[in-house]
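Dropping the structures in below, format is C-alpha cells.
You will see two complexes here that share chain A, one where it goes with chain B and one where it goes with chain C.
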Partner chain A sequence: MNVRSQVSMVFHLDKCIGCHTCSIACKNIWTDRKGAEYMWWNNVETKPGTGFPTAWEDQEKYNGGWACEDGNLRLKSTSKTKTVFNIFHHPNMPTMDDYYEPWTYDYQHLFNAPEGPDQPTAVPISMVTGELINIKAGPNWDDDLGGSPIYAENDPNLRGLTEQQRQQLFAVERLVFFYFPRICNHCLNPSCVASCPSGALYKRGEDGIVLLDQNRCRAWRACVAACPYKKTFFNWSTDKSEKCILCYPRLETGQAPACFHSCVGRIRYLGVLLYDASRIEEVAKRPAEELVEAQRSLILDPHDPAVIAAARSGGIHDSVIESAQRSPVYKFVKEWKIALPPHIEFRTLPMLFYVPPMAPVMADLDSGTVKNVSGGLFHDIEEARVPTRFLANLLGAGNEGKVRYALRKQKAVRWYRRALTVGDVTHAEAAEMLAQADCSPEEAEAIYRLTSLCTFDDRFVIPPMHREEAIEMLADPLEHKQSTGFGFLTGPRRGL
Partner chain B sequence: MNSASHYLDQFFFLALPYVAFFTFFFVTIERYRNRKFTYSSLSSQFLENQQHFWGLVPLHYGILVVLAGHIVAFLIPREVLWWNSKPLRLYILEGSALVFAILAAVGLIAAMIRRASVAKIRRVTTPLDWVLLALLLYQILTGIEVAIRYPWGSSWFATSASPYLWSLLRFSPDLSYITPLPGSVKLHIVNAYLLILLFPFTRLVHILVIPNPYLWRKPQVVRWYRPPAGA
Partner chain C sequence: MNAVGRRERGVLVAFLGLFLWTGGPVARGQDTAADFRQNCVSCHTIGGGRLTGPDLKGVSGRAERDWLVRFIVNPQAMIDRGDPYALKLLQESRGVVMPQFSGMSAARAQALLDLIAAESELEESQFKGLQITDRPFTTADVQGGRGLFMGVQPLRNGGPACIGCHTAKDLGGLSGGRLGPDLSRVFERLEGRKNLAAWLSAPATATMAPIFKNHPIASEEIVPIVAYLEAQASGGGEDMSAGPLIFLLIGLGGAGLMLVVFDLAWRMRFRTVRKQLVLTSTGRGEE
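Let's look at the complex of A and B:
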C-alpha cells in the first residue's frame, strides 16, 4: 500500500443553476490574457449538448484518453514511437476552430463613425488577427439549447439510447436539460502527463494537483490531444500549454479555489482523499463497467488505523490525514456512493465527482409538475425524463446501476425529509424508501445537511499545504528582495 | 590570388565560423539557463491545421535527412568515399539526398506561403522569423544548385569540406581546402554559418530540446517538495 493524498472535488449537479459565475471568477483571475482569451479552465455546459470544445466527449474525433488492449494501457493519441514521428505535426491536435475564435468589438467606431442616417454599431473584431470576423461560435454557444437539433442532438452521450428515449429528451415543450460545470479533473492516471514529450506536466506529490511547468513546455502539443476532457489548452501567443491549476496559490493560503468560492448554487465541495497509488495501473485496466467501483476501491478509509499508519510512513502529515477524515468528498464518493466520476471509461481516473441531477429526472410526471407521492416508490426514476442511460453514459461508464443507486438514494432522502417537515409522506413510506435505497436515517440526515445546510467550512475542507516545507523555503529570500517574488520572474513573451 | 579575396576568405571561412560557433554555444547555454521559458518550438498548428501538415512534415523530414548526411560526411569521410567507390551506391546516395533536399524545399516554401497567407499565422510571425525562413530557403536552394551543378558532392565534401571543418575544430584552420571551391558552394557555406550564428536567437533552439527523455521515462511524472522514502 502506497498511500498518497489527493485534493478532490464533488459537484452537486442538482444545485447548479447554470449562472456561469464560476467561469467568470476563473476567467478574471487566470485567463484574461493575450493568447488565453478563448480558454475556459472552468466552463459550464448544457446537457444534452456538445460542450466546449465542440463534442469533446467524442474520442473517435479527438482520440483522447487511454485504451486498454491485451492487458496494456496505451494512450490513444500518442506513444513513444508515435511521438518521434508526430512531433512535426500532431494528427490529433484540435484547432482554434474546435473551440472558437475570441473576439471583442470595435467600440471606437461608436465614437468615430461619421454622421449618418443609421446608428453606428460596434462590429466584432477577432482578438487574434484584429480583423473583422463573422462570429460562428463562442463560449457557451449552446447554453440552454437543450432540445436543439444542432447541438443537443449531437451529444455523444446519446449513443446507445433508444429512439423512444431520444424522443423523450427532445419532445417539443417537454425539453429537458441540466448543467454540467467542468474543470480539470486532476486525474490519478492523467493522460496529459503521460503524453508530454518534455515532462513539463506533472502531478504534485503532496496534493495531487496536476500542473504544467511553463519553463519546460516546448509546444509539442501532445497534452492538448491526449486529455480526453480537453482541459489542457494551447496559448497561441506564448506558445505554451496551460491548464487549470486548482487555484493552488489560494489553496496554499487556506482559501477555496475561485470557482468553488464564488459558486452561487453552492454545488462545489473540496476535500482530501487518501488513495493507494500502487494500484492505479491495475484499476485503470479494469473493464469499463467495473471502473466506477474499482476507482472507489482505490480510495482508502482515513479512519482505518492501517491506512493512517501507511499514510504516516508515506510522509503524509497528520494534519492532512485529519483533513481527509473530515473530507466532504469522501462522504459523497465513498460512504454514500452518490457522486460519480465523469467518463471514467477514458481511464484517466478523474478525481472530480458529480452527484447526478434529480430535477430533470423527476420532473417527468404530471406534465412537468413534480409528483409528491410515489406509488411505486422509485417508479419515476425508471421512467425519467432524462433517461438513466444518458446519465450512465456521462457519469457511470455506461453502468446504469451506479446512476440509479445515486438517484434512488437522493430521492429517498427527499421523501424522508418530506415526512419530517411537510408531512404529506408517511414515516412508514419514507422508511421503506430509505431501506430500499440502502440508506439509514442517520445517513439521510447527513446527506440532507451537507447538501442543503452546508456552510463554507462544511463544503471546503482544505488541508494545510505545509508551504513551510516547500522548496522555496530553501532559497535565499534576500535574492528575491524587491523583485516580484519567488518562481517565474520574467514576463511570458513569445520566443526570445 | 588577389589579396581582397584572400581577406574575404579569411573573414568568411576563418573569422565567421569561430564567431558563429562561439555565439551559438554561448547564447544557447545562457538562454537556456536564464530564459528557459523562451525555449519553444513556437508551433502554430493550433491556429491552422491543414497547410501545416503539407509544409511542416516534408520540411522536417527533408532537412533532417540532408543535415544528417552532412554530419555523416563530416564525421566519417573515409567511409563515405568507400561507399561512393561503387557508382551504383554513389547514385543511390546522391539521388536520395537530392530527393530529400527537394522535399525540404517544397515543405519550406509551403510553410512560407502558409505564414504569409493565413491571417492568424501572420499575427504570430516576427520579422526574425522571416529572416530565418529566407536564410533557410537560400540554404536549401543553393544546396540543390550545388548538388546539380557540381556532382558528386558526397565525394568532394569528404575531401574538401570535411578536412576543412576538422581543421577548424582542431584550431589549426587550413583554408586551402576551401578557397578553390566555386562561388555557389562558398555561398552555401557562408549562409550555413549565418544560420548557426542566428540559431540561438530564433525558434531553431527547439532542435536542442528534442524530447528524448520521453522515450525511456515512466508515463506518469510526480514532483515532490520532499520526496518520501521510496518515492
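Let's look at the complex of A and C:
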C-alpha cells in the first residue's frame, strides 16, 4: 500500500444555479491576459449541450484520454512513434473554432463615430487578429439552450437513449436542462502528464494538484490533445500551455480556490482523500462498467489504523491525515456514495466528483393543466425528465445503477426531511424510503446538513500544505546550508 | 562602462590587430603571373593567336603605355569616351567589352604590362594558350565529355560538374541547372574550339572564377568537354526538354500531389467539430 494524499473536489449539481460566478472569479484572477482570453479554466455548461470546446466529450473526434488494449493502457492521441511521424503537426489538435475566437468590442467607436443619422454601435473585434469579426461561437454559446436542435441534440451523452426518451427531452413544455460546471479534474492517471514530450506537466506529490511548468513547456501541445476534458489550453501569445492550478497559492495559504470561494449556490466541496497509488494502473484497466467502483476502492479510509500507519510511513503529515478524516469529499464519495466521477471511461481517474442533479419529474399536460404523475416511492426517478441513462453516460461510465443509487438516496433524504418539517409524509413512509435507499436516519441528517446548512469550514477542509516538507521530496534543504546567505542579488553598478 | 565592457573592447582591438597583420601582406604582394592566369587567359594569349580578345604579344608596340594602363583599369569608360582605338578593338572582338576587374589599379595594370612585355620577348610564352587539337572528335570524346558535364565522372581537381548550374540540349528529363546559361550553343557563341578551351582553362565570370580558381579543370578534361559542347552545337537549337513553363507545371503538379499524399497520410486527423455540427444540424449548407 502506497498511501498518497490528494486534494479532491465534489460539485453538488443539484445546487448549481448556472450563474457563472465561478468562471468569472477564475477569469479575473488567472486568465485575463493576452493569449489567455479564450481560456476558461472553470466553465459552466448546460446539459444536454455540447459544452466547451464543442462536443469535447466525443473522444471519437478528439481522441483524448486512455484506451485499454490487450491489457495495456495507451494514450489515444499520441505515442512515441506517432510523435516522431507527426512532429510538425498534431493530428488531434482542436481548432480555435472549436473553442471560439475571443473578441471584444470597439467601444471607442461609440465616442469617435462621426455624426450621422444612425446610433453608433460597438462592433465586435477579434482579440487575436484585431480585425472585425462575425461572431460564430462563444465560450458559453449553448447556455440554457436545453432543447437546441444544434447543440443539445448533439450531446454525446444522448447515445443509448431510446427514441422516446430523446423525443421527451426535446418536446415542447418538457424541455429540461441542468448545469455542469467544470474545472481540471486533477486526475489520478492524468493523460496530459503522460503525453508531454518535454515532461513539463507533473502531479504534485503532496496534494495531487496537476501543474504545468512554464519553463519546461516547449509548445508541443500534446497535453491539449491528450486531455479528454480539454482542460489544458495553449496560450498563443506566450507559446506555452496553461491549465487550472486549483489556486494552489490560495490553498497554501488556507483559502479555498477562487471558483469554490465565490460559488453562489455553495455547490463546491473540497477536502483531502487518501488513496493507494500502487493500484492506480490496475484500476485504470478495469472494464468501463466497473470503473466507478474500482476508483472508490482506491480511496482509503482515513480512520483505518493500517491506512494511517501506511500514510505516516509514506511521509504524509499527521495534520493532513486529520484533515482527510474531516474531508467532506470522503463523505460524499466513499461513505454516502452519492458523488460520481465524470466520464471515468476516459480512464484518467478524475478526482472531481459530481452529485447528480434531481431533475423535475415528468409532467403531463392534461387539457391545459399540468399534472405531475407520481406513483410509487421512486417512480419519479425512473420517470425523471433527465433519463438516468443520460446521467449514467455523463457520470457513471454508463452504469445506471450508480446514478440511480445516488438519486434514490437524495430523494430519500428529502422525504425524510419532509416528514420532519412539513409533515405531509409520514415517518413510516420516510423510514421505508431511507431503508430502500440504503440510508440510515443519521446519514440522512448528515447529508442534509452538509448539503443545506454547510458553512465555509464544512465545505472547504483545506489541509495544511506543508510546503516545507514537500520541498524535501525534491531537494535536501541542508544541501545548501552555509552556501547561501545575505548579499547582493545583482552586482553593484559602478562607473567606468 | 563596466569591467565586462572594457574586456570586450580589449578583445575586439586584439582581433582587429590580428586581422590587419595577416591581411596586410596578402593585399600588397600580388603574383602577377597568377593574376594573368586567373583573369586574362580566357580571352587572351601571348603568342598563341587571337581568342575573344587580341593576342597580346608585343602589345606595347601597338599603343601607348599610358593608354594601355587606362584601358585595363576601365575599358568601358574608354569606349564610352569614343576613343577610336578602343572602338576598333570592340569591333574586332564582335562587341564583347573587356570586363572591368575588381581591384584593378594602375599599379597592377603596370605590373601586368611588364609581364606581357617580358613574356613577348620569349620564344614560347607560358601564356601561349591551350593548343587544342584540330582532329575531328570521336564518339568516345563526346561521351567522355557528357560524363564530365553530368558529373558521372567527377572533375579531377574537385571542381563541380557543369550540370549543377548549366543545361544542354540532350540532357532530357528535368535537364540541368538554371543558374548559368544554356550551353547547347556555347560552341557557336565563343566561335570554336580554341576560345572555348581557353575559357574552360580559366573561367573568368564573377560566378565561375571563385569556384574554379582553386579547382581548375585539367587540360585533358577540357578536350572531351569541348567535344561534347561541339556536338551539342552541331544540330542547332537549345535545351527545350523542360522549359520554364514545363518546369513550373511539374513543380505545381508535384506540390499538388504531395498535398494529396499528406491528406491521405493524415486522413484520420482532427477536423472542425463545431462547424460540421452546425452545418449538418441546420442542413442549410451555411452557418
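Everything that follows uses one rule, which is that the second predicted complex is superposed on the first by the 450 of 496 C-alpha atoms of A that agree within 3 Å, B and C clash if a C-alpha of one lies under 4 Å from a C-alpha of the other, contacts with A are read in each partner's own complex, and residues count from 1 in each chain.
The working rule: a contact is a pair of C-beta atoms (placed from the backbone, for glycine too) under 8 Å apart; a residue touches a chain by one contact, two chains touch by 3 or more.
As the structure is a prediction and not an experimental result, all values here were calculated from the model.
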A:Ala55 contacts which: chain B (first), chain C (second), both, neither?
-> second
In the superposition, chain B vs chain C on chain A residues touched = B
Identify the partner contact of A:Thr95: answer first if only chain B is touched, second if only chain C is, both if each is, neither if none is.
-> both
After lining up the shared chain so the two structures overlap, which partner does A:Ser319 touch, if you call chain B first and chain C second: first, second, both or neither?
-> neither
Classify the contacts of A:Arg218 with the two partner chains as first (chain B alone), second (chain C alone), both, or neither.
-> first
Contacts of A:Asn72 with chain B and chain C, given as first, second, both or neither = neither
Please work out whether A:Gln167 is in contact with chain B alone, chain C alone, both, or neither, and reply first, second, both or neither.
-> neither
Partner chain in contact with A:Val193 - chain B first, chain C second, else both or neither = first
Which holds for A:Thr129: it touches chain B only (first), chain C only (second), both, or neither?
-> first
Kindly classify A:Thr83 by the partners it touches after superposition: chain B alone (first), chain C alone (second), both, or neither?
-> first
Which positions of chain A sit in both the chain B and the chain C interface?
-> 89, 93-95, 493-494, 496
Going by the contact rule at the top, pick out the chain C residues touching chain A in the complex.
-> 1-2, 6, 266, 268-275, 277-278, 281-282, 287
Chain A-facing residues of chain B, complex | 31, 35-49, 52-53, 56-57, 59-61, 119-120, 122-124, 126, 128, 201-203, 206, 209-211, 213-215, 217, 219-231
Provide the residue numbers of chain A that touch chain C in the complex, in ascending order.
-> 50, 53-55, 58, 61-63, 86, 89, 91-95, 97-98, 136-137, 149-151, 153-154, 225, 493-494, 496
Given the complex, residues on chain A that touch chain B span 2, 80, 83-84, 87-90, 93-96, 128-131, 189-190, 193-194, 196-199, 201-206, 214-221, 224, 234, 236-237, 239-240, 314-315, 469-471, 488, 490, 492-496
